[in-house]
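Below are two complexes that have subunit A in common, paired first with subunit B and then with subunit C.
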Partner chain A sequence: MAFFFAQLLTGLANASSLFLVASGLSLIFGVTRIVNFAHGSFYMLGAFIGVTLMEVLPGHFGFWGSILLTGLAVGLIGAIVEIVVLRPIYRAPELFQLVATFGVILVIQDLTLMIWGAEDRLGPRAPGLRGIWRIFGEPVPKYDIVLIAMTPFILFGLWYLITRTRLGVLVRAATQDREMVGALGVNQAWLFTGVFALGSALAGWGGALQLPKGGADLLMDFNIIGTIFVIVVIGGMGSLPGAFIAAVLISVLNVLGVTYLPSSTLVLMFVVMAVVLIIRPYGLLGREEVAGEHGQVGAPETPIRPYGRLGQAVIAGLLVLMALLPLVADQFLLILTIDMIVFALFAASLHFILGTGGLVSFGHAAFFGGGAYAAALLVYHFDTPMEIAFLFAPLAAGLLALGIGWFCIRLTGVYFAMLTLAFSQLVWSLAYQWRAVTRGDDGLISIWPTDWLSGTVPYYYFTLILGVGGILFLRHVIHAPFGYALRAGRDSPRQAEAMGIDVKRIQFAAFALAGVMAGLAGGMFVFSKGSVFPTELEIAASFDALIVVFLGGVKTLAGGVVGAGFMTVVEDWLTRLEYWRLLLGLVIIAVVIIAPEGIVGSIRSAWARYRGTGDEEVAK
Partner chain B sequence: MTLTRRMILAAASALAIAPVAASAQDTIKVGEINHYKRMAAFAEPYRKGIELALEEINADGGVLDTELEFVFRDDQGDPAEAIRIAEELMTREGAVMLTGSILSNVGLALSSFAAEKDYLYLAAEPLADSLVWGSGNPNTFRLRASTWIQAAMLAEEAAKTDAVKYATIAPNYAYGQDAVAAFKENLTRLKPDVEFVAEQWPALFNIDAGAEVQAIERSKPDAIFNVTFGTDLARLVREGGDRGLFDGRDVYGLLTGEPEYLDPLGDEAPEGWFVTGYPWYGFEDGTPEKAFVDAYMDYSGETPKIGSLVGYLTAYSIAAAIEEAGSTETEALIEAFEGLEIPDTPIGTLSYREIDNQSTMGAYVGTLALEDGAGVMVDWEYKTPDGYMPSDEEIMEMRPAD
Partner chain C sequence: MLSVEAVHSYYGKAHILDGLSFEVRRGEVVALLGRNGAGKSTTMKSVMQLVRPRQGRVMFQGADLVGEPSYRVAKSGIGYVPEDRRIFTDLTVMENLEVGRQPARKGAPDWTIEQLFDIFPNLKERRTNRGKHMSGGEQQMLTIARTLMGNPLLLLLDEPSEGIAPVIVEQMAETIKTLKAEGLTVMISEQNLHFARAVADRAIIIEGGEKKFDGSFAELEAQPEIRDAYLSV
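Up next, the complex of A and B:
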């Protein structure tokens, strides 16, 4: 019993820092609807700034003063980020800000490396709190007790702020209906900035408070962001008590998992999240999202129509050029183009459900990697000929999509996205941990194509035909009745239902089709690289695709493809430089600010303005 | 808009610039692929080690009377990216061979790629045993002492004690799992009555140290085998020290003594652990080991890490192989690497075994102590891999295609 109690205390101590960071994220999402992936970066900044201040300021006052100052400093940085990066794009398509925050992550990573160097920092101890107290004979670190004791005060402070102050009233009002708050004369811009600064400050405090238990290092931004999102989603996006309950739940379950099921550490929280979301689709204390609440900022969108004759001629010309490429290009250019086509098909498959279906998936890599693994496993274990193994890539990915889609499709918005993320993490952990079959992160290697495709030029044509074929097929589906039904379900589910469209079934089928296409891309990928590793199933792989779709332009036909091409080239070009992450982040932020409709969307608008025609106009 | 257009143009022109390998070779180029951003703390000292060696080699006339050059590229820690860069380095930059990677999975991807395309790859840092054994191929050589060897050295020491109940803690991925398996196998062979009472698998760089320490304590082991490193190690040491986990217990730490992981611990370095590492501060004047340390500190202004030594030896291995081959053709280079001997390196004579393409670089083992507020290895010795390797027959059994 004493042991169990000590475990509970460990869990509660972990929960306090997590709750601080998660409450910041939850506040930001509740008011601004920004899915802030840079939140982990503010946590990391908090740790580094905290370490630096603690080295300068001595003693008790120095330690606690440093923590206080760290929060203020990080809050200030958050405010600057909000004003410079996010404020110009609040009117962009929903979730576009997510791409901007990804750019911020890259910039902060490189700046942190520049300022603090590469070496990990061990956090200073809290003065007077080194060592343990014995509780029922079990050792409990003193600092753990302090953290546990502080949590109720933090919760109370936030509760007071939200329920008893004018700022809190505004925050709650904006969470309910931000347009109405604006209509009542509140300066929304500064409210958003203030909330973003407060949220960032909370992340900074979280980073500084965990210092005596750990330290500061350059990987901590990505390490915490998954956990934080899981907590916020389980609690219900925007709900502070929910975030608190979820932080405690996850922390305590983690501690128990470590003791009784030690190999569960990778997936436990994602399993919990999946279970919670399947039972309660809006998290523990979240409320149902009112339809249309997020989407459709700005003018209603003109339907995407097939390209006219000019557009088709341009595409045809491009395809002819690509077909002739092997005559002039060297080997590396062909390989770069193969990579680009594979990535373009992957992005196009995500673009299909995201743009046309309105379903934002955070776990699309499960199907890309799943397809790659399906083919690779057949080759590796059974020496299946490449021709047959390759067919299994789209097949297996499609089946996987049917399975995952069955659970996810009943959810909407961010909750749908997070459930796809949870499932993709489950697939990832399967590849990562089931070493007898998948070899874990040693990966499956020597998966090379069959003899007649083993040259670069034959494989180039193989990729070109299948990749372009897949992309064109998706384009045809978008303009087929199925595509129109899917779009109707996205824009107006109720009217679509009234017309007799089974919206969920259509979405389910579209999700599976996107899975098949991602699997096809995965199959092409594995035979071009000769190996596959769990990295292809990681969250980062899903976000790569998501980002290029947004960069290219969600509400356009070619968005995914153009975004993928753009990203492949820019990345290949920038990674040659020393601080390429900084530059890549700045490029992403620049594109986001200059071209809020994405690259293709902005070119289209500019073209429409230039022509002066009203029919294709995308009004501001 | 103009900026967007300019960027697209710039991107397009980047594609169009296709400098096919300069036909007039004014330097001999080696393609070096690493995770300079993702693992900056480990990759930078490694790179400086290479640069120091290159400076020395080129001051001495280079190789084959030509300057030796490394082309450094960042792969973001992504195996697929690494393969694309490898292709570019070999076909466009005119590199004669490939080296690099710290992560084992990137190393394995490059190894498979080298075998398929018939390039030569020297894996410098990756520790995975399968690189030269289970997935070994004739085109891949490896420099560092593998997981198996280092775990076997610790197991040998552990077998000398009375401890029978062991707990293990290792990051939950291939390296951690291999290390625990190797330690268990070696220890059980040396001392059949040992018992493993707890196996903890924290997520890599995301350890819940308090919970892990409680779980190990609960199993009441006599001794602990630790494979965690980096931030995980720091947290484990701190929580474990506070909660008295290490009191009266022998602890064996794989890589724990390497400056990369030991330095950040400062005065909290765990005294009494038996570890593998790199005691650069303990070398005697006049030894080649000390000479390297001095040269490195002169060159970089920093204390050396194990990565510095590995980078240095990598460059010298490659230079020696090119000299031995007398050409830069892959076939000749592979032949030169088979059984290559490099005398007078900081660790003595370094050679590459013909049987499995593994080098004879060993490891330093010793006990951790505190000196002037920093962790150091004391009573250390350098051990060559002889006697820790599986038998030749076992290796032949494991290596598929030779």
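Up next, the complex of A and C:
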């Protein structure tokens, strides 16, 4: 019992730092509607800046003063990021900003590496709090007790700020309807900057406060971001008390999980989140998201039209070029093109559900990797011929999508995204931890294609036919009545329902189809590489696809394909350089700012302006 | 005070205001009349820069507002009460008023919360209630009071009589007269000719985003064909 109690205290101590970081994220999302993936980076910056300051400033004052200063410094950095990167793109399509924040992650990663080096830093002990206290005979670090004692004050301070000050009133008003707040004479731009700076400062404080328990390293940003999102979503996005309850819940469960059920640690919080979202679709204390209520309905969507003569000719020309490629290209270029086609089909399948269906999935890699694993498992364990195993890739991915979709489709917006993320994490942890079947992170190897496809050139044609075929099939579906119904459900679910369209069922079917196509890409992938590892199922893999779709352009059919091509080439070129993350991050941010409709969308708009048939913008 | 000059506004490709021009003079109450879809709300949004006019000027106190962010328009002294009220439903009455609060402005009535509670007694009773727990009429009063907290020189009221009970409409008419007596300049958009005549000094009728009539209600009486053509009575 005493041991259990000590565990509980450890959990509560962990919760205080997590709550600080999560409340910052929740605040930022509540007001700006930005899903800020870079929030973990501010946490990491807080840790590094904190360590540096603590080395310089001595004693009690030095320690606590460093923590205070760290928050202010990180807040300032947050304000700069908001002004430089985010302010130009608030009017871009919803969730587009998350791509920019992904660029920010990469930039901060490399800058941190440049400034502090690759070595992990051990956090200094808090002066006067180095030892332990015995509680029921169990040792509990003094610092843990101080953290636990501080948390209620932090919660109270934030609560006071939000409920009792003018700033808090404006923040809550802006959370609901920022346009109206502006029409009442409040400069939203500075309100946004202020909130972003405050949220970043909270992340910085979280990073500095955890130093005596942990330290500072370059993986902190990615390691915490998943947890933080889970906490914010469980609590209900934008709800501070919700974030507090969820932080305590997750921290305590994590500590108990490590002790009593070690194999659960990777998925425990995602399981909790999935359960919470299935029971309460908007988190514990969240409220329903109503599209457009925040004064942020974008310009009306231009209907997707089939390409004209010129466009069709260009695409036909490109296909002929690709068909002739093996005559001139070397091995390397062919393999790069295979990668590109596979990635393009994967991105097109995500684009289908995201752009046409309006459902932003954060876990699409589950189907790509799921398909790859399905085929690989058959080959590895049963020596199934490739021709048959390959068919199981789309099939298994489709079944998986039916299963996951059944839970997810009832949610919308960020909650849908997070539930798909939770399920993809489940699939990933299955591949990672069920070693007997999947061999864990050793991966499944020697998954080669059958004899008649074993050369690079035959496999290139195999990929070309299936990849292009899959993309054209998706294009066809979008222009078929099913696609119209799907788009109707995206643009106006109520009117679509009133016209007799079963929106949820259409979305369910589309989700499954997207899964099938992603699985097909996964099948093509596994036989081209000859192996598959859990990395194909990671969050990062899902985000790669997301970034590609947004960069290419959500509102255009070619978006996913062009984005995939762009990304494959840029990455291939940049990763040869030392600080490639910095450059890639800057490229992403630049594309986001210069081409807010994505590459294809912006080219199309420019073309339309040139022809004088432009869509006129509506100032909001 | 306000002069809208040859304004063209669009929603996407839809051309809503087609070279609209009119003036509002200090101290008067003007009614903007027209059918559904005539462009009344767009006119008000074009003044507030919530819809950005593609062409033309919106002159207020000698400065062109076109291209300014909405908050600057509000700060220059124009208060806007949207048609759909848009009160902050999760905030209490007092908090809604706080969002609207701006410093006193020269030449404009300086409203205190107590004065506003005198005009809207219901709000006083419900000061700690959240916006979502209020009736349509109460919400309408709250949204006007909230805008008055900004001490505007000119008040834009988009369809104040829409969707509220007849007894409240009477009250609303009294309120507008009170505001005028306090020295406020008011522009209301209306479909209800009867209500407009009761509160306004002058009528502007628009149709298809163009001005069709501008004059007193007596002049409008004298031209029933205009009323029949552009207003659904």
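Here are a few things to note about the model shown:
Basically, the second predicted complex is superposed on the first by the 605 of 620 C-alpha atoms of A that agree within 3 Å, B and C clash if a C-alpha of one lies under 4 Å from a C-alpha of the other, contacts with A are read in each partner's own complex, and residues count from 1 in each chain.
What we mean here is this: contacts are C-beta pairs under 8 Å (C-beta built on N, C-alpha and C of every residue); 3 or more make two chains touch, one makes a residue touch a chain.
Treat the numbers as computed from the prediction; the structure is a model and nothing was measured.
With the C-alpha superposition on subunit A as described, subunit C and subunit B fit side by side in the combined arrangement.
In the superposed model, A:319 makes contact with neither subunit B nor subunit C. Touch criterion met: A:141 reaches subunit B, while subunit C stays clear of it.
Contact with subunit C, but none with subunit B, is seen for A:166 once the two complexes are overlaid on the shared chain.
Looking at the shared chain after the overlay, A:186 reaches subunit C, while subunit B stays out of its contact range. When the two complexes are overlaid on their common chain A, residue A:176 makes contact with subunit C while staying clear of subunit B.
Once the two complexes are laid on top of each other via chain A, the angle at subunit A between subunit B and subunit C, using C-alpha centres, comes to 160°, given in steps of 10.
Comparing subunit B with subunit C, more residues of subunit A are touched by B. In the superposition on chain A, A:472 contacts neither subunit B nor subunit C. Of all C-alpha pairs linking subunit B and subunit C after the chain A fit, the shortest spans 23 Å. By the touch criterion given at the top, residues 166, 169-170, 172-173, 175-177, 179-189, 287, 299-300, 615-616, 618-620 of subunit A touch subunit C in their complex.
Residues 3, 6-7, 10-11, 13-14, 109-110, 113, 118-122, 130-132, 139, 141, 144, 213-215, 217-220, 223, 254-255, 258-259, 262-263, 265-266, 329-333, 335-336, 339, 432-433, 435, 439-443, 445-446, 448, 525, 529-531, 533, 535-536, 566, 569-570, 572-573, 575-576, 580-581, 587, 590-591, 594-595, 599, 602-603, 606 of subunit A are the ones touching subunit B in the complex.
Against subunit A, in their complex, subunit C makes its touches with residues 10-13, 48-52, 54, 69-71, 73-75, 80, 82, 86, 88-91, 95-96, 98-102, 146-147, 150.
Subunit B meets subunit A in the complex at residues 1, 3-4, 7-8, 11-12, 14-15, 18, 20, 37, 40-41, 44, 73-81, 83-84, 87-88, 91-92, 104-105, 108-109, 111-113, 115-116, 128, 130, 135, 172-174, 177, 198-203, 205-206, 208-212, 214-215, 218, 230-231, 234-235, 238-239, 242-244, 263-266, 268.
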